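What follows is a pair of complexes built around subunit A, which joins subunit B in one and subunit C in the other.
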Partner chain A sequence: MSEYFSNIKTGATTIATGMAITLKHFFNAVKRKGDAGIDDADYFRQVDGLCTLQYPKEVIPTPPHGRYRLYVNIDDCIGCRQCERACPVECIAIETIKTTNDDLAVCGKTSGGQQKRMWVPLFDIDTAKCMTCGICQSVCPTDCLYHTAVADFSEFDVRNMMYHFGNLSKIEAEAKRKKLAEQQAQAAKEKAATGAPAAKPAPKAAPQQKPGGAE
Partner chain B sequence: MSSSPSLNTWSDALSGFSIGWFPLGLVIVAVIPLVFIALYALTYGVYGERKISAFMQDRLGPMEVGFWGILQTLADILKLLQKEDIVPTAADKFLFVIGPGILFVGSFLAFAVLPFGPAFIGADLNVGLFYAVGIVAIEVVGILAAGWGSNNKWALYGAVRSVAQIVSYEIPASIALLCAAMMAGTLSMQQITVMQAGPNGFMHWFLFNNPIAWLPFLIYFISSLAETNRAPFDIPEAESELVAGYFTEYSGMKFAVIFLAEYGSMFMVSAIISIAFLGGWTSPLPNIGGLELNTMTSGPAWGAFWIIMKGFFFIFVQMWLRWTLPRLRVDQLMYLCWKVLTPFALISFVLTAVWEIYR
Partner chain C sequence: MQELGKAESNSTRIIRQDDKRVIIEKDLDTEYMVLSMGPQHPSTHGVLRLECITDGEVVVEAEPYLGYLHRCFEKYCENVDYPGIVPYTDRMDYLAGMNSELAYCITVEKLLDIEIPRRVEFIRVIVSELNRIASHLVAIGTYGIDLGAFTPFLFCFRDREHIMNLLEWISGARMLYNYIWIGGLAYDVPADFKKRVAEFVTYFRPKAVELCKLLTENEIFVKRTYDIGIMPADVAINYGWSGPMLRGSGVKWDLRRNDPYSVYPELDFDVPVPDGKFSVVGDCLSRHLVRALEMEESLKIIEQCLDKMPEVQGFDSRALIPKKIRPKAGEVYGRAENPRGELGYYIVSDGKSTKPLRCKARSSCFVNLSAMKDLSKGQLIPDLVAIIGSIDIVLGEVDR
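Here is the complex of A and B:
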């Protein structure tokens, strides 16, 4: 019998306690909980209150070292294709065209001062596939491929998740390809003409001759 | 029929009004509670509950449609109207279709005896309280029709649980209301309210008139939660166990009607507890000396305001409980009803009788 009454007492007190807690939260709804992160010292001293974030309108900034959307600074890319080989999900597709010697100046140097020897007409990253593992970033010799802090890049059409970073348009790429093919054909012809005797000087002489010959 | 000359003047005048043979006034008397249910369910019932639950859980609730999401319910209604009205192939079509109807009519019929202020009541029956308690039992038929007609195991389980729960909890609820009837000496809703009117405001209410009245008040409140299938007694529609209980198979407007019935009965039990223990449409404010607050806040319009506010207060408590307490198990439900509430209801019945004889 005493258990019966103690059960009722426990029921009444626990209901009262629970209702007091919910009512406290109800009245706290006029306040907003601060946006201190877990690493802030006063994280546990924030006021109780609404903690909903109205996402597209209010955003907690992603940390600057965040590893989200992949980005290529194509001006620094030397077309080594190491990232393409390293990618475990094959989300990077690269196409390169060797730069002809007269174009070396146009092709330019990386910000690190390294001469670029490749045009990169196609540098596609399928961000829908990318799993942000960061391996490509670690193998990149010029540090031009890196994950950025941009976290929200959803699209209505999955095809828009394909990011194109290539630095040549299709027409330009076609022109460069043609130029390279012509030059290679020329070099082969000259090689055939000079023949075996001039085998040794040819590699040195040929590049110097080619610019004049081609233009 | 009425002791005070101003009682029921509006509804009596309305019911006498007719165009030719057509009793338009009677139709209006019936339409007023219906419009009230619809409006209150739309605003306080759905939007209010979503906001209150959100605030209790440190959320914001609906925010996108209109200022602070105020048009969210309208958008939901528009969506429900466009939805296909599905009747499952294997369902018992007749029962499936009339289930929500019976459910709504059951909760709506009780509004006939709820006095919305001293001047308006659908029907001032001399057995009003008894009628209200009895007519609500029709809801059980609607729930069973919906659950059985759906031909779905979740729906049937929900309906069976619901029927067991409602039929059980009607006993402590009725005994608790009997205490109020004993204090009033009448079963007419208007007369019970008039008994609690007076210049001292809330001091005349039955809850404060009798040292034991808090017990039947509490018992009726707990039982009314069970009768309306509200948490913590929402085992008939326990989401985590039964999908949605007896209305699992319902969609579109039939689903909306079931929800309207639930909100209708929520207000109905809240109004009944206000009438039985908290003075119905009487003003809670007392006359303090020359400051006649009670007289100032009495009258037909103020009466409607007070009864609706008291009803809304209890609906708030229902929501508050819903977002506080976990659901009871079926055996705990029956334990609470038969081993706790019923004996205590009988004790309070006897004590109230003794108090009424010897005070």
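Here is the complex of A and C:
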């Protein structure tokens, strides 16, 4: 019988303790916690109160190097395609055209002073596929591909999640491709005329050396 | 719902009379009913389906059906190179991404046989312990929700938010970090990080006590979990249980102590095991207590790491990361203590490729869940909810 009443007593007291905590919070609810970011020195000294933010009027600030939407500074891209190869989900699609020698000046240099040798008519990032792992960012030799702190970029149509960064329009790209093909054909013709006799003995010599080396 | 038809006339009927007594009535004409719990049931923590054969309100047998979240982790691993697998390990146990990454990186580093800078080791331990607290907060909060206590959940998530912010600050992402890399870290920690983590520890200590008062000591909660779903230690070991589940059954087994990795041997912390004073060893309440006590131990570990972490001027956390990871031919099994138990990776390398020949993950949740059939026998349906909650499954890891 005494156990029965002691059970009721512990039940009532523990519930009252819980209620007291809730009540404390209830009275605190007239105050509001601010939206200070974690890099703010007073982050843990904010007032104890409501901690819900009224999105989208208020947002939790993202840290400056937050890994969210991908961005390419295409002026610095040298078209090495390392990001495309490294991406685990294959969300990057790149197409490159070799720059002809007379176009090198037009193609320009990166901000690091490196001569660009590729046109990049197509640099598409499917942000719907991107899992923001940051591997592409780590392999980029010119640091032109990076995640930005923009976290809210939802769209109603999934096709709008495809971001285009290419530095040539379709017509321009066609012209460059044609120019390169012409120049290559010209070079091949010249090679056939002058360099053909010189080029032929070389492959013959190579197989003769190889078995000798192996023995 | 589907009826199995009438059971045989001399069938038995199990009835729970009160908390402790179960009476079995014979020669009663009863009908079994198949009740499907999940995959949309809110108490199944994701997409787990339980097919319960019930006799009235008593569960005769409950069988878990998995695979709703299967993402072919192993097949993925055969097609991406070693660093590319790290983001996928985040997505296995998405509540404790850092711990999954740590386990994977330890395994590959074992295969490569490379040294890790001491500062990196300490940062790794700090972030994984922070993540362990975050994961336990979710486990405790959702367990409260399962049993009808909604308030503790909100308190848990308020505190978890701070950990999420801390981890976002150093890694750039809130849940899927890709922070721990093979041979190093993605970034060094920000200048104020140590100060802020120390502030978090002082902030969180009283909150953990408050949470204890709010949930763990609450009589209604205790009544719902005390003496429910008892798992004896020997059966737990035979099932291959690990982590808080095994410790809840009274076995002092923690990989941080029993198979030490990283800098854990230098750190001073206890492995909490229930002593049977507040709970019956092996019941749902013991498992809950282990998680609640472990958060305090994690705080201790973090404090010690902050003291011991060497300060290096101009530290480059990526300096020792190999350019091309191509391990020698061989196989390796590495494991680490996840918030949910032993997470292990078995990796086979053929010595030629930059991709693993095979990468198998040993998931703790999956193994812990396998005892569901045993645990649920003869329990009431509301108790079944308490049992699933106490296992603390993350379906992302169960299905992989």
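Operating definition for what follows: the second predicted complex is superposed on the first by the 177 of 215 C-alpha atoms of A that agree within 3 Å, B and C clash if a C-alpha of one lies under 4 Å from a C-alpha of the other, contacts with A are read in each partner's own complex, and residues count from 1 in each chain.
In this section, contacts are C-beta pairs under 8 Å (C-beta built on N, C-alpha and C of every residue); 3 or more make two chains touch, one makes a residue touch a chain.
These numbers were taken from a predicted model, which means no experiment stands behind them.
Chemist: Output check: A:C51 vs subunit B and subunit C. Expected answer is one of first, second, both, neither. What do you get?
Modeler: After superposing on A, A:C51 lies in contact with both subunit B and subunit C.
Chemist: Just subunit B (first), just subunit C (second), both, or neither: which does A:F26 touch?
Modeler: It touches subunit B, and subunit C stays clear.
Chemist: Check whether A:S154 is in contact with subunit B, with subunit C, with both or with neither, and answer first, second, both or neither.
Modeler: After superposing on A, A:S154 lies clear of both subunit B and subunit C.
Chemist: Now for A:G18: first (subunit B), second (subunit C), both, or neither, which partner does it touch?
Modeler: both
Chemist: Quick one: subunit B or subunit C, who's touching more of subunit A?
Modeler: C
Chemist: Quick one: classify A:I60 as touching subunit B (first), subunit C (second), both or neither.
Modeler: So A:I60 only meets subunit C here.
Chemist: I'd like to know which partner A:S2 touches here: subunit B for first, subunit C for second, both or neither.
Modeler: Neither partner.
Chemist: Does subunit B (first) or subunit C (second) touch A:P88, or do both, or does neither?
Modeler: After superposing on A, A:P88 lies in contact with subunit C but is clear of subunit B.
Chemist: Touching A:C133, do we find subunit B (first), subunit C (second), both, or neither?
Modeler: Once the two structures are laid over each other on A, A:C133 reaches subunit C alone.
Chemist: Do any residues of subunit A touch both subunit B and subunit C, and if so, which are they?
Modeler: In subunit A, residues 15, 18, 21-22, 51 are touched by subunit B and also by subunit C.
Chemist: Tell me, which parts of subunit B touch subunit A in their complex?
Modeler: Per the stated touch rule, the residues are 52, 54-60, 63, 320-321, 323-325, 339-340.
Chemist: For subunit C, which residues are in contact with subunit A within the complex?
Modeler: 80, 83-88, 151, 158, 161-162, 165-166, 168-169, 171-173, 176, 178, 186-187, 190, 192, 196, 199-200, 202-203, 210, 213-215, 217-220, 318
Chemist: Can you list the residues on subunit A that touch subunit C in the complex?
Modeler: Touching subunit C from subunit A are residues 7, 10-11, 14-15, 17-18, 21-22, 37-39, 41, 43-44, 51, 60, 62-63, 65-67, 86, 88, 131-135, 138, 147.
Chemist: List the residues on subunit A that touch subunit B in their complex, please.
Modeler: 4, 8, 15, 18-19, 21-23, 25-26, 28-29, 33, 48-52, 54
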